[in-house]
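In structure tokens below, several structures.
Here subunit A shows up in two complexes: once beside subunit B, once beside subunit C.
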Partner chain A sequence: MLKSLHIDPDKCTSCLLCELACSFENEEVFNPAKSRIKVFTFHDQGRYVPYTCTQCAEAWCMSACPVDAISVDRATGAKVVSDDLCVGCKVCTIACPFGTVNYNHDTGKVIKCDLCGGEPACAAMCPTGAITYVDADWTGYDKMRRWAGKTDAGPQAHA
Partner chain B sequence: MKHVIVGGGPAGVTAAETLRKVEPTADITLIGGEAGPPYCRMAIPYYLAGNIAEQGTYFRHEGDHYARLGIRYLNDRVEAISATDGRIRLAGGVDLAYDRLLLATGSRPAMLPAPGLDTPGVYSCWTLDDARQIAARATAGAEVVLIGAGFVACIIMQALAHRGMKLTVVAGSSGRMVRSMMDETAGDLIMRWCREHGVSVLTGQRVAAIEDGPTVVLADGQALKANLVVVASGVRPNSEFAAAAGVTVEEGIVVDGYLKTSVEGIFAAGDVAQGLDFSTRTRSVHAIQPTATEHGRVAALNMAGRSVAYRGSLGMNVLDSLGLISSSFGQWQGVAGGEAAIHLDAARYRYMDLKFDGDRLIGVNSVGRTENLGALRGLIQKRVRLGAWKDRLMANPYRFMEALVAVTA
Partner chain C sequence: MSWQGKILRVDLTKGTCTAEPLNMEWAQRYLGQRGLGSKYLAEEVSPKVDPLSPDNKMIFATGPLTGTAVSTGGRWSVVTKGALTNAIADSNSGGYFGAELKMAGWDMIIFEGKAPRPVYLHIEDDRAELLAADYLWGRTVWEVEPAIREKHGDPMLKIASIGRAGESGVMYACVMNDMDRAAGRSGVGAVMGSKNLKAVAVRGTQGVRVRDPKGFMQAVATARAKLDPSPVRKSFTRHGTMAMMDTANRHGTLPTRNCREVQFDGVDKVNVATMTRVRLSDGKANLIGNKGCFACSIACGRVSKIDPSHFSVQGKPKYLGAQGGLEYEAAFAFGPMAGVADLEALTYANYLCNEDGMDPISFGTTVAAAMELYETGAITGKETSGLALPFGSAEALVALAELTARGEGFGKDIGLGAKRLCEKYGHPEFAMVVKGQEFPGYDPRSMQGMGLAYATSNRGACHMRAKPWSDDFARITPDNKANVVKASQDEVAAIDSSGICFFATNVWTLDDLASQLDAACEGGWTAEKMREVGERVWTLERTFNLKAGLTKADDTLPERCLKDAAKSGPAKGMVAELGKMLPEYYTLRGWTADGVPTNETLQRLAL
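Up next is the complex of A and B:
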């Protein structure tokens, strides 16, 4: 069964271990600037939001790539950049409406989350369970449950 | 059902593949006007720079890709369409019947209104064959005169500079660079950057003629002797044979919200099509890769009888000029009554200009930034109401990624 990253901002403490884990796993340096996952801080709300590629079904990056350098990893469902094929044209970086495909000046290629081949380092290192790697169906179920909870509240309010 | 697709660019290839997905048994013919497998024009500069081999420009990397999908791929050119009896005639003599026809014939370089374009050593840089010819002559230290300073010219400039050539760019009478892609502030930064990086950029000049040498003669009499002249002064849609068949053509082939032309059974997609513009809700030609693939996909679904409306194309470009990266999105010119959030640090070549309509982002000019650029598309395309985030962006336009996360996550 396909798995996906599940992010629960309410559990995030902004410890940034995910960013360190990602940059070390993928770039072999402890440098949050090279991380493919970023934690956004909203001080006024005391809210921290880890954010990365959702491996979206539309795959804007993949369809915009002119040289077929982005493909689906059949094992994980991740959209993966081939360094051998990427020419560094950056069209995917403007096509992705989530802003999660970025140009790497050092290599002249683009980088994005590839789920670490099925063992995402960010989820493994997250100490609070804000980032988990779970069955894709479960995240769907979770969404449905939350939605059902909201609709349940409606009639109760009138009761 | 017989589907014929004319044009082996991104719109045509995407359409053929989409049709195969939704109609496993349909008869699909894809016609490409140039020899060899379908390739991507956008990849040509990277071939010219020597970063990739010719095969690296191909859309699909398995040699039998089209045959395996049961897509008949022909190297030929269309001579005429007979819409009344649903047939097209190819230059090679083949006559094909169609139920649905897709015109994805792209564009071609605009002719410079000056004599001498056929002088030896003068090239367009549009086809893979043009690139081969240029690559054979583009030796390090050779002098090249590049006529044009738009997006395509700039990307060719990057490739030729990478080969170590000495460049002179004739920017034309407007005196601006990338003037149909970005505003004057951005164009000026790019021009100054190019000059600082060893490119001679001539402004306020018109090319009077090209003479033997090749030598580019300017209107003021100045003669630029070169080893190579590359002409990149705009493109024109390949729409003539459509017009001859009675299809309505304005700036390009006019299509409705389903990529249908004015003639029953005929669709158009990509650079040749004048389709719905997401920003203005009018019809525009957006000759860019993302629009071509979106058009190809939506046109194919409608050719297969599914009624799929197109949400409209969003103009956007990203350009690397000698290491300075710039991008623009949507209505970068802004709209009447709309505000702008501007940050300019000319000394460091950084510029961010967000254009708003009320509290919605509608367009962007950006220089010197590569991180999270797609978020700008996201904010525009989702028509996000920014609320309090608009004021934060007015104070600091670089916070756009935070704005996207805050408003949507």
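Up next is the complex of A and C:
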């Protein structure tokens, strides 16, 4: 089954453990500045929203890359940057409609979410279930079920 | 690793910023944050220094676990000689600022001297510079944070600052960070204001590394597996510290009307149930959610929206958005302590404390003292800017919060704190303080251990220097409390020196913490070594205070708790039995009958 990162901002508390897990998984350092996922705080609304690459089926970043440094991981569907090929031209950062590909000045390469090869560290670290890794075709399953529970016609439907 | 090994020394008088290596030998003996900051302070500052003089220093200190993925690993401390207490102060805060400072490559910042004009410190990794803050002076914390981010075009700057309370010398002013997190107690914000330092803005991109990355992640996962599913964690997440309101009331330890009573008849109007109940006025609840500090899997922080129809916010749209909501300590002080049974008024007072950086515990307890002064006729409308100050007046609470934050009228007197206010008006006995610092939300008569903890706390009355709760709720008699409190004080001193939050250790043992610390740092860390550090830190603080001129006579409680019996609740008829507990406590600590550490004790702790 193809899986997908699923974000439920209602559950996020802005603890940034996802950012720590991401930077640790990729760089072996706790450093939100090098995280591929980022939590945004909307203080006046009391809202906290994690945001990262959604792995577009038709990936703008991949189409834009002039050196074919971004490819699809067939096992996970992730669009993965090859550090060996990336020349740091940043065209992908312009092409991405969502801003989730970013440049890392320490390495001269771009970084983006690669789903950690199928075991995303952010989801594993998240204490509230705001970030989960679920069936890519049924990311709405839990939400549907929640709403389904509210459309109650009584314990037994009448004929 | 885990320590960055680097200190930033900022001479405000000369306007210089200098990097120096962290003393790693001291780090092994004092760990970090509270302990290591106190060691530097004790080495560099005369204990007799006037806290508000340029000779006092102020240290922003992180711990070795600050900035790591240990749950709650985002704490930092402000260490200085406290303006409120004339004693050593360590005020601990969460949010994101401390972790960001660590990410920038610094364990500590030592501020010395006094800037000739208002300045703020801007740090971008290795680079640090003092910049003019004239345009920020006179502005609130809520204005300063966005203003600095905008000036630098950097939305990711994390900022610690003082509001108008710190500028105008409110004796219990806080250092605020991330809008509503506070290094709250002992007047550390007044010290910052006295140095003409308005803010510190940090951006860190270097990250924090640990000694044994794989072992560390394993230790973190094991500790999370214990913390996250626990009922204690769940209660903190759902109810925050506000869950304590009903518990304290039931136990007869809820300080009410300036500690004349120990249970509050209006408790149902200021508790969790009221905070979460849908309001008739706007169909919404006061509490809209919870939030976490850096790396925290508990997330006890409250997020509130005030009732837009409440009298306090009419014509003030800036208070209608989401803001940091009531925590127990703020709610007890504005509510039961001042007799005010109006949750929305409490919420507004809490907003003002965040906005202008005032310690809500000290502010509320000082308001309660003023109300008693007013009720007994020691002050009248002539002194109070024309305000009527009966116990229970929400209008008075709101007006005093505004006046104190702005440093206007009778607010100047409230800004003195309860001790100085009550002395000024001839009734020192109305001040519910220890070493000049106002009581938190536990009455010592029905929590004997907490009473001993208040009396012996090195920073004045404090509920965060020991954790005698479970023992105190189980036993109201004073026997063996000295043992419980001493052991707990040492543990907490170690926890406060590590970079994590006290609350995680309501579930974790010191062993759980030590296994994470050891994977992060060199030094072979065990619970035993941490306890030893804790006792060393405690005794160092004590020694500083003795040199500052404090004596055994300062290890006491207000007469009201020692002589007037509790009027109701499980401890009805009891007083705080300090006289029974204190000698036992001194003996356990290896101190003389006068509370002075013996040479043998000092040698044992390598002090």
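To be clear about the criterion, the second predicted complex is superposed on the first by the 139 of 159 C-alpha atoms of A that agree within 3 Å, B and C clash if a C-alpha of one lies under 4 Å from a C-alpha of the other, contacts with A are read in each partner's own complex, and residues count from 1 in each chain.
In this section, contacts are C-beta pairs under 8 Å (C-beta built on N, C-alpha and C of every residue); 3 or more make two chains touch, one makes a residue touch a chain.
Treat the numbers as computed from the prediction; the structure is a model and nothing was measured.
After superposition onto subunit A, the modelled positions of subunit B and subunit C are compatible, with room for both. When the shared chain is aligned, subunit B comes close enough to touch A:T93, but subunit C does not. Of the two partner chains, neither subunit B nor subunit C is touched by A:Y133.
Touch criterion met: A:Y103 reaches subunit B, while subunit C stays clear of it. Aligning both complexes on chain A leaves subunit B and subunit C separated at their closest CA atoms by 5 Å. Against subunit A, the residues of subunit C that register as touching in their complex are 67-69, 71, 96, 103, 156, 179, 204-210, 213, 217, 224, 228, 288-297, 299, 301, 303, 305, 321-323. Contact residues of subunit B toward subunit A in the complex are 10, 14, 40, 42-43, 46, 51-52, 56-61, 289-290, 293-294, 297, 316-318, 320, 325, 327, 329, 370-378, 381-382, 401-402, 404-406, 409.
Partner subunit C is touched in their complex by these residues of subunit A: 13-17, 20-21, 23-24, 27-34, 43-48, 125, 127-128.
Interface of subunit A with subunit B (complex): residues 9, 38, 40, 42, 49, 51, 60, 63-64, 66-68, 85, 87-103, 105, 108.
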